[in-house]
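Shared between the two complexes below is chain A, which pairs with chain B and chain C, respectively.
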Partner chain A sequence: MNSELFTLPFNLGLYFILIYSVVRSTVWFRDLSRPDKLRLQRGFFGKPFMDSLREIFSESLLHRKIFSKNPVLGYMHMSLAFGWFLLIVFGTIEADFFSEKHLNPPSHAIFFRWFNPEHGAEGFARIFSFWMDLLLAFILSGLLLAIIKRFIPRMMGMKKTTKHTWTDRIALISLWLIFPSRLLAESFTCGAYGSGSFLTGNLGNALASFLPAAEMAPWFWWLYSLSLGTFFILLPVSRYFHIPVELFLIFMRNSGITTGDRHSSYTEVQTHACSSCGVCISVCQMSSAAGIHDIQSAYFIKGLRNDRDIAAITANCLMCGRCEEVCPVGIELGPMRLIERRQGERSDRIMKLPEKYSLSRKRGSTEKILTQAYGYLVREEPERADVLFFAGCMTHLTPSVIVAMKKIMDSAGVRYRFMDENGGVCCGRPLMLAGRDREARELINHNSDMIWKSGAQILVTSCPICYKVFRESYYLEARVMHHSEFINLLIEEGSLRLGYLHKKVVYHDPCELGRGSGIFEEPRAVISYVAELQTSSQESNMSLCCGGSLGNLTLSSGKRAMIAADAARTLTLGSPDELITACPLCKKTFAQVAETKVSDIAELVAAALPAPRAAKAKTRPPRRAARAVSNG
Partner chain B sequence: MKSTQLHIMVAGGGVAGMEAAGTLAEMGYRVTLVEKGDEPGGHLLQWHALFPDRRPAEEVRSYLRKRIEHRNISIITKTTVEKIRHHISGLEVNLSGGTSEKADAVIVSTGFDLFDASRKEEYGYGIYDNVITSAELEVMFNRGRVAKADGTVPSRIGLIHCVGSRDEKVNNNHCSKVCCVTAVKQAIEIRKMLPSCEVFCFYMDMRMYGPYYEELYRESQEFYNVNFIRGKVSEASVNINNRLVIKVEDTLAGRPLKMELDIMVLMAGMEMAASGMKLAEASGMKRGINRFLETTDHHYGNNLSGIKGVFYAGTCTAPMNITDTISHARAAVAETVRYLNGR
Partner chain C sequence: MSAGQANRFGFVINPSRLIDYDTSDRKVREYITLREPSFTLCFACGGCAATCTAGQHTSFNLRRMNTYIRRGEIEPLREEVTRCMLCGKCLLVCPRGVNTRNVVSLAAEAIRKLERNEL
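Up next is the complex of A and B:
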């Protein structure tokens, strides 16, 4: 009973995966930009490192986030990850403690029972054996759930589960075989020697009663070793590569590395860190409302990982960001898709297996070189003003919002200039969403110039799409405010006298304002000031997309209407008098499908203004709004 | 059974309903005409003159009024038909007052609703004073005066075609058929009434499909100097002089265009009437992709509902002009009689 030949597959696999991981991490590190390298080096000391360890413990092992979303799914992941982790840790301790030698090779711990068949008869060893059996049972219970999930996803509260490639499938089978084969191998050995605890001991006795346990045992030790070895060797080319890569991702993220706007090691790491868990599929409105089931982030990342032609998948997304919100691994799915949109088309080819092991993938850059696209734009000398109002092109399609904003600003005595009253230049965000940064940059420079020259201290916009790009991609001295923030400021500083409307309303967070820019509270404060605000089941960071998204240029009007109708239905479940939003595009989209009246937050506030008492407001020249900025 | 004892209900007293009721009464059937408004006549009541010859709408109105002055016809106004259901002795028709009537057959002629132009918010209907619909312009013609909201005389009027028609964004893919020629007719009337007022039509395609339509279109250009610009208006705003400013792309010249207008007229399209939709919903009548009632065959079964004893007449099945509506109503009568005789 001491032939060690069967440990060969395991040892081969283990040393392969260890060496591969080290080399691949090194290559990824080498390919990082200089600032990111520094970030990561710094991240290894101090707080980020501790944060990473804590996160690895709570997410990679315990899977707390998945737990909070779906307890059964969480338990499944936890029992497999944390259980296996504990099994390795305590297996190593057991091997170290109960062997003559210390610092045993890993195989000694993994196949401990084979080398010590009679171990665990009494005393402390007996308790330890019991503990090891308990861990194995814990893992096996998770495995049972995993098998159920694969065949009947609905039982696990999942609408859909991801489809697998053949390497995934072999890896999955070998993963599934690891623990049952360990159970049987240990049980046969225990059965032959009369050892083992409640699980392996009892099962071993039962098996030994009608089978030749001593002859059977080696076969299962071989199977155990083989499935471990196969799993390790296939790891880098299967979805399970996410297990080691996620650790690397956590360190990178906690060091402050972000996705940026082009492919890098970080996007590579994120691509491989995706576990294809399918949580993103369940929350995607394209799937739940429009019946489109093949473009979700899990498929996008899979296509990226396997270097497939995913141009259609990449383009067909609302960019609402709900998936990013729920991703348990924390992959920046929006920025990843944008990078891919910039990339243009890639040819569809089936990667050969060896290619999948290649250490770094050079993604061909197909960025187009363009001459100036907007050379015809005329540069004007803008008037100077404290507050600049930029309606945005979408708001020009909802003139009621402009009318309301003018009323509000006049009533508060704001000295403002309407920057794009006679038509302006696009903010650039739609071009960015389409992956055309170079053209967007031209527009950004044009508008920036105008805003700087006006000397404004506040730039107010009614469009969340413009708002996001003004904040993130413009370099401005002016404070950028969405009109909901600005109205809130006017209310807070007492410039606006408003009545109370006896209305129940529900608020829809526009994607670009809420999830996109983190503005959740100000609109709610404004609405609560003038009306009764209802809550909705899908709000704040999990708010729905209205379906009108500019982020998708391929979705048909019919599908958009389906998404819009579904979202409007969810929002108006409490039968509000009005559905309030803060985005002209959301307003227009909902207005076509909702039976409830749809209004912008500015219209609601304008309705609460006292009736105007003849042009008196115009003579008042307070500059409170501008002052408020210098004060705070 | 003698025809005088047979009772036919007509749901909707517009052009189609009146013509159907008149024809049936003439043939000796007992008819009940149910109208939701104060009097029969439908949209035609508001109209001033008709295309293509610009004859007074009153001529057709008085024809139809005479048509339903018949002892076999009883008229119920301010009432809608809520539901049609099968009964042992024929059909039972529920009315909005809570009453119900028995009938041997029903002709559904619930007609159309004018597209609610405020759904195209970018045109500013309901927000800017001088944005009106084609139906409101017709009312102005009736009063004999076309003026801005402040009472002043306009010097430039724009007519915007396809408002709520052929527009995926408002879920209407269909062409309303009559707006093009109505715009041409109205443009001529404006030019005749206010010779110093410029008129611009903004169109996608000019669909001059009927007899004398093309001639009218030609006349509008040759004799009345109406300007036609091919392009859809993208947005409207108001400038400091309280004039409307529209943005449009002139797709023939291939360049964007900005224009000031005193009045903007939206050629609102036809949509399935809301009352008809309710009736269809309650009675299990099928509706097509554009929400109009679906007939059993659009070539040779264009009055048939697929429900025993229920027939369709007029614009509840698709947009139509008055000529076609009258023909369609007579065809519905023919189908009804064929059904009653074959029972």
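Up next is the complex of A and C:
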């Protein structure tokens, strides 16, 4: 019983994965842009480093975020990650403490029971082996949940679980084998020597009563070592690569590195840090409301990792950002998809296994060839104004919003200029969402020029799509405000006098305004000022998408209606009098499917304005109006 | 056959209604209908053209573009397709639920491929 040959697969695997991880992270570091390199270096000697350690403990080991979303799933991840971590730590301590020598090779700790079969008979060693058995039981309980989840995802509160590639499957099987084979190997050894604690000892005794324990044990030690070795070797080409990569990602993110607008080491690290946990699938409305189950972020990332042609997946997404909100790893899924949309067409091919181990991916793509498209736009000399109102394309389709905004601004005495009264130029965001940034830049330049020339201090827009791009991609001196923010400002200043409407309303956060730009409070403050605001089960950062999103390039109108109807149903569960939104596109989309009246926040506020004074009514020419009626 | 010859039969064919089968190239139409079947639903009401943001500044007209695609007239399509701003107003006004933005994107894609002889 002292042949050490069986430790070979484990040792091979371990040293392979250690060397591979070091080399690959060096390559990733090398490929970072210069500013990002500096960020990472600076981050390594300071607060970000401590933040990273804390985050690694709470997320990579305890999986706190998954816990808060789904306790059972959280327990599963925690028992496997944290349990295994503790098993390694205490295994190493045990091996160091109870051996004659110190600083043993890792295999000595992993296969401790094999080298010390009679260990744990009395005293402190007895308590220690009880603790080790407890940890093993902890991991095995998580493993049981993992197996249940794989076959019956519903039992774990998940609608769907991710589909796997064959390397993922082999890695999964070897991972699943690690702990049961350890249990059996230790139990047989304990059974043969009459040692072991509550788990391995009792199971060992039971097995030894009808099996030749001493002969059986080596087989399971071999299996244990082989499954560990296989798991380590397959790690870089399977989804389990997320285990080491996530640590790297946490350090990078805490140092202040962001996704940016092109593929880089950071996007590659994010791609590999995805654990395919499937939380994104559960929250995706494309799946829950429209029955589309193959475009979710987990599949997008998987396609990216395996260098497949994912143009269809990339385009078929509402870009609502719900998945990004729940991603336990914190992958910037929206920007990642936009980067991919910017890429040209890519041929579909299946990566061979050795390629998957390659250290640096040069994503083969052709940059889209673009031409000057909007040369026909004429630059005008705008009138000067302090407040500039930009309705936006979509708002022109909901004229009632424009009328309401005019009423509100007139009532508050705002001196404004209506920038696109006669139809303006698109803000550029739809083109950016389609991955055509350079063309969008032409429109952005055109509009920026107009805004600068007007000398405006405040730019008010009624469309969250425009709002987001004005804030993020325009270089403006003017303060950009969504009309809900602007109305809130007018109320706070006291320049807008409003009545109270005795209505119950529910508010829908538009994706681009809420999650996209972080404007949650202002619209709620405005609504609460004029009406009774109900809450909804899905709101603020988890609000639903109306389905009308311009972010999706290929979704059919039928599927859009399904998503809209589902979202409207959820929002109106409290039977409100009105469904309020702050986006013309959401309004249009909901109005087609909702039974409740759908209004924009501006319309609600306009309805709360006091009735126009009698003096104003006098200016109306009553005779001409009467004549028109009699003639008509 | 030119428009002038068409008059020989005693009735007139309006040149803008003439489909020239010698130059007609249906590849773009096939490329689009295969990927965006809703394209075939268009009944040329012109709602898209009436609401178009780009159409207010230039002669861009989605309805006319659709006619070019259907007839296989590639030359006028080439320039027409770059003018769209993808703002999506047409998508909302379309009474037939045609995924207009995707039609424009696919048309641009098809023309790029045609130029590279990949279609």
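Just so it is clear, the second predicted complex is superposed on the first by the 611 of 632 C-alpha atoms of A that agree within 3 Å, B and C clash if a C-alpha of one lies under 4 Å from a C-alpha of the other, contacts with A are read in each partner's own complex, and residues count from 1 in each chain.
Everything below uses one rule, namely that a contact is a pair of C-beta atoms (placed from the backbone, for glycine too) under 8 Å apart; a residue touches a chain by one contact, two chains touch by 3 or more.
If you're wondering where the values come from, they're calculated on a predicted model, not measured in any experiment.
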item: Fit or clash between chain C and chain B when superposed on chain A; value: clash
item: Contacts of A:T535 with chain B and chain C, given as first, second, both or neither; value: neither
item: First, second, both or neither for A:L443, with chain B first and chain C second; value: second
item: First (chain B), second (chain C), both or neither touched by A:A591; value: first
item: Which partner reaches more residues of chain A (counting touched residues only), chain B or chain C; value: C
item: Partner chain in contact with A:S557 - chain B first, chain C second, else both or neither; value: both
item: Partner chain(s) touched by A:L377 [first = chain B, second = chain C, both, neither]; value: second
item: Touched partner set for A:G423, first chain B, second chain C, both or neither; value: both
item: Touched partner set for A:V403, first chain B, second chain C, both or neither; value: first
item: Touched partner set for A:S575, first chain B, second chain C, both or neither; value: neither
item: Partner chain in contact with A:S68 - chain B first, chain C second, else both or neither; value: neither
item: Chain C region in steric overlap with chain B, selected from 1-9, 73-81 or 91-99; value: 91-99
item: Footprint overlap on chain A, comparing chain B with chain C; value: 396-397, 422-423, 557-558, 588
item: Complex contact set, residues of chain A against chain B; value: 396-400, 402-403, 421-423, 557-558, 561, 587-588, 591-592
item: Footprint of chain C on chain A - complex, ascending; value: 345, 369, 371, 373-374, 376-378, 393-394, 396-397, 422-426, 428, 430-431, 434, 436, 443, 548, 550, 553-558, 585, 588
item: Chain C to chain A touching residues, read off their complex; value: 36, 38, 51, 53-54, 56-58, 82-83, 85-89, 92-94, 97-99, 101-102, 105, 109, 112
item: In the complex with chain A, residue positions of chain B that touch it; value: 119, 121-122, 124, 127-128, 168-171, 234-237, 239, 245, 247, 258
